[in-house]
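Below, chain A partners chain B and then partners chain C, in two separate complexes.
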Partner chain A sequence: MGLMLQHVDKIVGREVHLKDIDLHFAPGSRNVILGRTLAGKTSLLRIMAGLDRPTQGRLLVDGRDVIGMSVRKRSLAMVYQQFINYPSLTIYDNIASPLKLAGLNKSEIDRRVRDTAAMLHIDDLLFRLPAELSGGQQQRTAIARALVKESQLLLLDEPLVNLDYKLREELRVELQQIFALRKATIVVYTTTEPAEALMLGGNIVIMDEGRVLQAGPTPEVFRHPATTRVAEIFSDPPINFIQGRAEAGQALLGPAIRLPFSSHMAHLPAGPYTFGVRCNHLSLQSTSPEAVAIGARVDLCEINGSETFIHVRYGDTRLVVQKTGVHHFKIGSSITVYVHPCHLFVYDAEGQLAAAPDHTGRA
Partner chain B sequence: MKNRKRYIALAVYFVLLMLPIYWMLTMSLRTNADILSSFSYYPKNLTFTNYIKIFTDRAWYSGYINSLIYVTMNTVISLSFALPAAYAFSRFKFLGDGQMFFWLLTNRMAPAAVFLLPYFQLYSTVGLIDTHIAVALAHCLFNVPLAVWILEGFMSGIPREIDETAFIDGYSFPRFFITLFIPLIRAGVGVTAFFCFMFSWVELLFARTLTVTNAKPIVATMTRTISATGLDWGLMAAAGTLTIVPGALVIWFVRNHMAKGFALGRV
Partner chain C sequence: MEKWENNKAWFLVLPVFLIVAFSAIIPLMTVVNYSVQDIFGPGNAVFVGTEWFEEVLRDTRLHDALGRQFLFSGLVLLIEIPLGILVALAMPKRGWGVSASLITLALPLLIPWNVIGTIWIIFTRPDIGLFGVAVNGLDLLSVPFDHTARPIYAWITLMAMEVWHWTPLVALLCYAGLRAIPEAYYQAAKIDGASALAVFRYIQLPKMRGVLTIAVLLRFMDSFLIYAEPFALTGGGPGNTTTFLSIYLVKIAVGQFDLGPAAAFSLIYFLIVLLLSFIFYQVLLNVGKGEKR
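== the complex of A and B ==
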């Protein structure tokens, strides 16, 4: 049951916005759609909402095809990236409007509006107009209006992207708690940020250029990104790739580095491979005797909050190393980067995952 | 110093603007003999006979009533057609929408006289001559395109997501349009109503040709003040002064929205 998309295509003019989407969302599931901008996340959400018609394909709710069914008759709520409220209505009336239209009695409406407003901490702003509120409060109102309906489907299209960093963190945590309370609702949440997707958990759908690249439980997909593109999208900063070969129980990274196979690579046949390693698994200190040193040159030093991203160059390969704390490295200076073979993702010549690091028994 | 210069320039401009209006006002407060015999900057023998005549003579005051009736009718008709039309232009893509939008404007490019004869004959045939609705409908030819043009600008400023959210919330289209959407473009509706009102109020050609006596507007009455004794200057000036009043009132009500209307660049 739940919501099912079958072979959904969306073509506008000559541009393909969505291509052959097959997805299933179970009732009560938390789903994150992760993709860069223009990946088709919003197009997909709009089709699920019934705001756009797919060019082809079926959309089933509890087994019933709902394409062509009026948006008003569906049980759904949507939160946009922009802060969308009715400017001429007070916060109270904004939140109450879906309930009023559903024909609920006054005391029930009042109870639910106040409960939802309290949950989103806007209960002291109920009689103001949206224009008098800050961006964060406006988005809270929009979320409250979406939640108060208790609809079957809740769609959130990058709801936090227009908020500043602090508010985003705050609301992200609150949203997780709120979603947990909605046992029957299918939540679909789009984002461009891998960190946000990991935090929300549940299931994930990785999209790129209108296609679904991989779908599954979020930790599972994070640990086994099926293709190089998925690995790129699902890590921030993007995962590092080093071209190399595998032969006789050894991996060759770039021209000169040899390292022994880690246990997860044991089955690899010889041939050309792409090795991927997330930037937090590259370090500047050798952590174990198996770690292999890569001699590189510093290109750039990027300080991001309490972390430093060191962009280095090894031959023609660019790598990013993540290091906790604020550090400075002279541009052009030599640096030694260590990588442990047990952290390597291995992709074959077609970009398909051949081996992923073993996660049993480690965090 | 700069400010002072600006004030002086503005004052000069203001005086130049107000001069004819002041002159008309003083003329309306003098007798014909006084107007024709001597030159003075202000009325020496103040008289209200001109105004009294307008307010008591049915031929005069009915002109104002007729004008107000068809102007109001026209404003209501123009808005009720232009609001949905403008919504369609701002929200939907359809075959030839751009061309159609431009075609609306071309209606304003042709001189009114072009349409006069066909209108006259058409209305004679269907028996609409000398009715208020005849003039109101004729003025729609110019006011509906203008209204669509202005309103479309205002509507396009409202994010489409508001419409979608309303439909998701369960609003029916008419309910959404009337209770949520129109309040959002209040300023635009006000500005549009003002333009329809003003255009219809001052329009002379259609109003005079399509009416005889029953719906004769004040602008037509004013042009017919010649009697055996010659032109009645004082009376005409009084009628002119009174004609300014409704327009001034309407401007007063929409003054805060006007700037926004102009800023949207469609007016």
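== the complex of A and C ==
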């Protein structure tokens, strides 16, 4: 049941927009499609909406192939990056428009419009025009228009990307609560931001260059990024990679650093590996006797809100260290970075995950 | 920002000020000056106050010309605006057809105005003109077509020429307005299940408001000031049936050399255009806003 994509390809001219997409979305599920710009997220949504036909493959809704079925006949709603509302209609009429077209009676329309508007906190703006509202309120209207239909499929294409930071945070929290109320709706939400994906929870699909790299429950994928590419896409700031080797119960990072194997690495055969560590797991203080020091130089110090990202260089390897609070480090000064072996992701020569840190009781 | 020590920068504005002064303010003031004097010759003028204004406002020929002018401008707007929108909607959105239609549309706009008059004289001549000969060959009209013969024929020719000449401008403006609508609006309407008519009414028309305001204002002002085309085509005839305000004005000013009345007339003419443009602008700015259920 639900929505199923089978071997979907989309080729425009010579460009491959989507390649062999196989996905299943269950009724009532929350799904995030995470990928960088041009990963094919929007192309995929357009195919799910029926706005585009796939070059190949099948799209099944409750087991029925819907390719070729008119968009008007499908039960879906969509929210866009741009704030799309009817410019000459009031907020009330904007929200009511899909219901009017569906031919509902007046009192039913009125009830649903007011309920939905209240849910999105725009109930005191009902008789204004979209152009008179702020960007956040316009997008709330567009979301209300999509929600009011109570459609089977709700598609949101980076809906918060054009809002400023504070509004984005606010709406993100609210959306999470609103989605939870829609028990029968399949929600598909695209984003480029790992933090947004983690917050919305549910399932995640990681896309890159028109392909699905990994799909599954969001925390599961976050803890076990199957390839180096997935780890890159699903971490912000980017994950640190250090080339190295595994030898006789020890990991060699770069030319000189030796780390004892942590329990999750015990099974690794000897050979070349790429070690990954998220920047919040690099620290400037030694947190335990097992942590190993890396001598590095400061390249850049970037302050982001209440976090400081320190870009350092160790040999040819560039690393980013995340530190809470606002700190200043002199560019070019030497610095010691500590890494604990229990935080290391290990990828083999093909970039496939060979070992991931244990997550017993730790996020 | 640092405050400048001296204010020499205003010298940079001086050239523009001088150009505007010589091109607009001084000539306008000269007209104001003429309008309150009776001028017999150089250095021989008498102050007459509002006499010319009163005379001009009572002139029945001017009233007739004003009526004709309103009819003409009204018809121009009624035909060109909807036709321009239709043409813009029908134009291709991609491919070679875009350039082809843009160039075709731009052609009439590139031809000098008096040349257009000449083209249409030749086109509609009953003896050699393509249109004139063809219509008369059909033998449907009780009086053979000749734009110099009957007022209605003169008007039809004039309107056809005006529409041919200026609808492309409206169409180009509307086309630009339509192209500026993000694709997502159409998708959203499609998902809502909106009909093509609803898409036009609730998306395309409101989104074209800005360019349509400009189109209406331009076409109104331009058609209200029309001179070259009727001058070349009919010279204001037959009789006075195509004598519009500017043609009448030139007859008074240049034909009869009545500078005083002509100046008063010019000022009234100017104020009418200004007032109507202001009204149009205000109406178009507010139309369709705050539609209540």
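To be clear about the criterion, the second predicted complex is superposed on the first by the 362 of 363 C-alpha atoms of A that agree within 3 Å, B and C clash if a C-alpha of one lies under 4 Å from a C-alpha of the other, contacts with A are read in each partner's own complex, and residues count from 1 in each chain.
As a convention for this text, a residue touches a chain if its C-beta (ideal position, glycine included) is under 8 Å from a C-beta of that chain, and two chains touch if they have at least 3 such contacts.
Since the model is a prediction, treat every value here as computed from it, not as a measurement.
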| item | value |
| --- | --- |
| Simultaneous placement of chain C and chain B on chain A, clash or fit | clash |
| First (chain B), second (chain C), both or neither touched by A:Ala77 | both |
| First, second, both or neither for A:Ala251, with chain B first and chain C second | neither |
| Chain B versus chain C as contact partner of A:Ile178, first or second or both or neither | neither |
| Which superposed partner A:Leu101 touches (first chain B, second chain C, both, neither) | both |
| First (chain B), second (chain C), both or neither touched by A:Tyr86 | both |
| First, second, both or neither for A:Leu129, with chain B first and chain C second | second |
| Which of chain B and chain C A:Met48 touches, first, second, both or neither | neither |
| Single chain C stretch clashing with chain B - from 19-27, 37-45 or 109-117 | 19-27 |
| Residues of chain A at both interfaces, chain B in one complex, chain C in the other | 49, 51, 71-72, 76-78, 80, 82, 84, 86-89, 97-98, 101-102, 145 |
| Partner chain C, residues of chain A touching it in the complex | 46, 49, 51, 71-72, 76-78, 80-82, 84, 86-90, 92-93, 97-98, 101-102, 127, 129, 145 |
| For the chain C and chain A complex, residues of the former touching the latter | 182, 184-185, 187-188, 190-194, 198, 202-203, 205-207, 288-293 |
| Chain A residues within the chain B interface of the complex | 49, 51, 70-72, 74, 76-78, 80, 82, 84, 86-89, 97-98, 101-102, 142, 145, 149 |
| Of chain B, residues touching chain A in the complex | 159, 161-162, 164-172, 180, 183-184 |
